[in-house]
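In the two complexes that follow, chain A is the common piece, with chain B as its partner first and chain C second.
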Partner chain A sequence: MPILGKKRKQEWETVWKTLSDLKMLFAGDQEELALNALMQNIQNFIREQFQKADAGKPAIWYNIGYGPPLIYALGDVNNVPLAEMSALCSIIGDQADTEALIDASEAAGYSAECCSADKAGIGAVVKGLYPDPCCIVGINTPCDSQVAAFQAMAELRNKVPVFPIDVPPYDDDRTLKYIAGQLAEMIPFLEKNTGRKMDWDRLKEVCQTVNRTSEYLWQWMEWRSLSPTLQPSKLCAFTMVLVIALLGSPLGENIARGLAEDARKKAQEGAKYFDEKVRAIWYQDPVWWDIQLYDWMEAELGLVIPMDIFGFYASEAWIDIASKDSILFGLARLLVNCGPMSRQFRGTMKRYIGDFMYLHQRFQADCGIMAGHIACKHAWGGIGLFKEACKKAGIPLLIFEFDMFDSRILTRKELQFELKRFTNEIVIPQKARLARKS
Partner chain B sequence: MSALLKSTKPECALNSGMPVVGYFCSFIPPELLMAGGLYPLRLNGLGVEDSSSGDAYLSHLTCSFARHITAAVLDGHYNYLAGQISINTCDHIRRANDVLVQKSDLGYHGFLSVPRSFRAGLFPWYLEELTRLKESLESYFQVRIIDQKLKQAIEQTNQARARIKTLDLLRRQDPPKLSGAEMLTVTVSARILPAEKFVAIADSLISALKDSEPITGIRGRLILTGGPLDDPRFITAIESQGAHIAGDLVCFGTRGLGMDIEPSDNPMESLARAYLYQTPCARMMSEFPRRFQALMELYRDCNARGIIFQRIKFCQLWSGDAHNLRHRFQENPVPFLVLDREYGTVSTGQIKTRVQAFLEKIGG
Partner chain C sequence: MACRARKKLRKGPQMSYFKSQQELEQVIGGFLRIFPKMEPLMREAIGHKKMALKLELSDPDLTAEIDFTRSPLEIRFKTKAEGAIALTTTADHFHRLLLGILPIGPGVNHKQILIRGSVANLMSGVALFYLAPTIYPFFLESIGRKDLILPGKRPPLHGEKILEDKMTKIVSPLAFLLGYALGLLKKHLAKNLDIVAALESMGKGLISATGQSLEESKS
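What follows is the complex of A and B.
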């Protein structure tokens, strides 16, 4: 299906067609307010990307740990998250395309041990699916694989200039000021490479949009903490798309509003989503290659995910727009304390475990599911301490190895077996024991 | 020196009551510890065959170097350490540090957040981090790290580095007097022994080598690059096929020992400049072009005919470099062999076969 009247690469056309079909499917369906908001605004984002690319506007590539607000403030610049095609092909398009992109990167000499989000991103670069960048913003969050990936992409695109942002593993104001200082240093770099001037008034507007979006996301989290749950499990993880690609834009705000409104409406109507038996915090990466797995979990096992690590949006996102310094400080804090995974992985295991315990309590969970994406070395490196913490707290924890964008590592059948066994043989009996005791 | 690597326990320091502090990475200046009367020991897993306790905490999906060191500390191989200093080298080392902080009996835990870029604006952060580490060492060990002592320590390590350079030239010359495996033994020893002891042993080695016969029967002069390598047996396996590692850019090898530290009135700043701006490893973001330049200069200077890249399995940072090197060598061909390995074991048969084929390919 052509996009904006032009034939595009097959992977993009597949994504575009699916989005158009889904939009028609859900059109006017108030029950699916949240999903509609997601699909509509993701499609609008892609449309804007193609419009800018067709018009020859400069493109900035960036890895998962970075976010777009500063780029939006530059005006008509194309923001391209490097993992965009990994996510779009798996969630919306054709999973076979994601796996073909992974294979293309490995065939080009990229290590099979790196994250599949990055591998598919590199495959997208190899296949020319992204508009050529004028520069790259690279950040060392959430992981080493990202660091390797954006440098590899810079090499593949004729050594395009890269601005690296160094994020220390500390949680203090000194660290945030250090990162804010780097954002200030980056502005002239972006201006030079895009040929655009930073518009501070526009940046203020972008930050106000971020603040409104944050408020919606916090409301949404509040609604999602209710038991029984009001919305499908799979919605949690989608906020990653918002935070990485759309935060600071009206499109991102629309998605957040849609999520919150959908939840509020259902709560006010007393709607019951389904008969839930077990609530789990899905900690680590979603099964992007089979989002319908969450539907199966709900229908077959009565297992619901009220929140996951990607959906959790921390309270440090507020940006004070009083001055340039406060804006940069707020953006730095947003970047490293609210970005999915960046928050939990850049420091010690204390933050990772602490966030899990907080989510477990706030979302009234019965257990945890550590979906161990094999390339997440910081998560696997903390597995012993995490297991001990859960055991001490009496929280059943399922751990399995899989790949979030590659279905060839752990199959759906194997995954279903693990989830079924854990739910029926561990969690439900424990819940019954606890109920008898109380 | 080979004998010294069999037991890295610094008996002399322990007998004199000097606290021994282990450290993880080449961005931590040992001079800081020496100036405080502490014994710096670069942590390694040499001689540790079982990494089970490290595996239990870090899983089998992380770097076996980090797992071996974690196991070595948890299992008591390092029971003489008074403390350890970690840095944000990579995800694996950060998690090893988490485990050591929470699960080991070590009294002192220091941490250094080293910028991952050479951009000038980041230098003050590193200097501040070194100052904080200095203050933390002073506070815990009740010592004073004064400028005069720092200058002395710098002088001592400069002398050690000068010996390394001399020995490296003996390894680089054609025909060489020192093999690549022997040179790695030297550079690992330099990170384990007290500087003055290393200098004395190195001097006698240099003197003995001057009169020795050069190594013959070399089929190919190669450069070795990639991630941390502290096990000379790996290079022995390569060289057993007739290769000669004429130069290296590996952690524990000559990378990080090549620079002289400028004497100045501000020794902390001199240290910071020398250590931050050393030939960058793969943890440094956007510094691949500089690494590549250093590698190609070494390749030319050593009159080498090929490059072997080695990496410990699961190291994503170095795997990115392997990709980038391949990409550049497609544009400007240089014979290039990538060897993945596990720490603690040397897959001798596999290495020999692949090196043999590589040497045949380059006409050796």
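What follows is the complex of A and C.
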């Protein structure tokens, strides 16, 4: 299916057609505000990307841990997250395309041990799916795979200038000032390579959009914390997509508003489509290669995910727009303390475990599910401490190994078996025992 | 045979439309068996994708696979094959889906229908269920089961299709007129007109005009 009247690469055309079909399918259900907002605004984002690329506007590539607010402030610049095609092909395209991109990256000699999000992204670069960049921003969060992905982007476009951002594994004021300093240094770099001047008034507007988006996401979390949670579990992780690709744009704000309004409406109307039996905090990575699995969990097991680590949006996201310094400090804090890529995956195990305990309590959960993406070695490194903390708190914890973008590592059947066994044989009996005691 | 997932899907408040497995196999199974007759139209609907769609129905149980990887397309029953994509639901919901009373979007959102597989393939596969409500009532009539055609207004099965292509904008109203004329003919002149045979002929016409054999369309 052509995009903007032009033939494009097969992977893009598949995503575009599927997105159009999905929109048409769910438009039959106007109650689904969140799904419709997601699909509409993601499609608008892709449309804008192609419009900018067709018009020869400069493009900036960046890897997972970074976000686009500073890029939006430059005006008509194309922001291209490296993992964009990894996510799009899996969530709203053909999973076979994601796996073909992963294979293309490995066949081109990039490390098989890297994260599949990056491997598929590198595969997309190898296959020429992204517009050529005028410069590249690389960040070292959350993991070594990001450093490798940054190196791969730089190597694949070796004449393109690169800007590295170093995030230490801390979250104190000294760290935030250090990162704010790097962002300040990055502005002239971006200006030089894009040929656009940083417009501080526009940056203020972008930050106000970020603040409004943050408010919607906090409201969304509040509605989802109610039991039973009536908004589908599968929507939980989409905050991450928003933060990486759309934060600071009206499209991102529309998605956050859609998520919040949908959660509020569902909670107030109370329409139940299944019996909620168990509430779990999904920690680590979502099953991007099979979003429908969450529907199965709800219908078959009564297992609901009120919040996961990708959906959790911490309260440190507010940006004070009073001065240039406060803006940069706010953006640095957003980068370090808000999303999982820096906050939990880069930070200390104390914070990783502390956030889990907080989510467990706030979202009235019965258990935890540590969906161990094989490349998230930082999480695997602290698994002993996490298990011990859960044991001490009496929280049942399921741990399994899988790959969030590659269905060949752990199959759907194996995953279903683990989830079914854990829910029916461990959590439900424990809940019953606790209920009898009380 | 039915897995627990299917047993737990929400059932509607009404009494079951199918009293036995035999009746279900006669009606739904019979309907699936006419698919090969309409193969060209079916392949057009799914965008000529090579894939197998697994159906898992419960209360009563029926499993079937519509295999578009084979030419001519094959319908297999009681199969344990996984299928590239799958649709799991109760027999009643499926019946309502085929009649166009339960649109697939809300059916999925309300957990009445579970789907599995690549989203791109699923979106191609669901197009079969946009086509089904125009054929299924005629099929029921042809097997003497008019009693299963439920009364009531049919909700829109999907949102407005974006007709980007100029030719599609012209052809769509023409196709509607053709269908309308066929309907008038059946209502006023030939009450026993076989709609499935008409669609079969339409499919043959499609192949003859495009010069595209099924083998070619597959590749």
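Everything below uses one rule, namely that the second predicted complex is superposed on the first by the 435 of 438 C-alpha atoms of A that agree within 3 Å, B and C clash if a C-alpha of one lies under 4 Å from a C-alpha of the other, contacts with A are read in each partner's own complex, and residues count from 1 in each chain.
Please note the rule applied: contacts are C-beta pairs under 8 Å (C-beta built on N, C-alpha and C of every residue); 3 or more make two chains touch, one makes a residue touch a chain.
Keep in mind the model is a prediction, meaning the values are calculated, not measured.
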First (chain B), second (chain C), both or neither touched by A:S315: neither
First (chain B), second (chain C), both or neither touched by A:L385: first
Which superposed partner A:Q364 touches (first chain B, second chain C, both, neither): neither
First (chain B), second (chain C), both or neither touched by A:P169: first
If touched residues of chain A are counted for chain B and for chain C, the larger one: B
First, second, both or neither for A:Q151, with chain B first and chain C second: first
First, second, both or neither for A:S227, with chain B first and chain C second: neither
Partner chain(s) touched by A:S323 [first = chain B, second = chain C, both, neither]: neither
Where chain A meets both chain C and chain B, residue numbers: none
Chain A partner contacts - residues on chain C that touch it in the complex: 4-5, 8-10, 103-106, 108-112, 114-121, 123-124, 126-127, 155-162, 164
Residue ranges of chain B in contact with chain A within the complex: 56-59, 61-63, 66, 88, 90-92, 94-99, 101-102, 113, 115-117, 119, 121-122, 125, 282-283, 285-286, 288-289, 313-314, 316-317, 319-324, 326-328
Of chain A, residues touching chain C in the complex: 2, 5, 14-15, 17-18, 20-29, 31-32, 35, 91-97, 232, 273-274, 290-292, 295-296, 298-300, 412
Chain B-facing residues of chain A, complex: 108-111, 113-115, 138, 140, 143-145, 147-152, 154-156, 159, 162-164, 166, 168-170, 178, 181-182, 185, 345, 348-349, 372, 374-375, 377-378, 380-385, 401
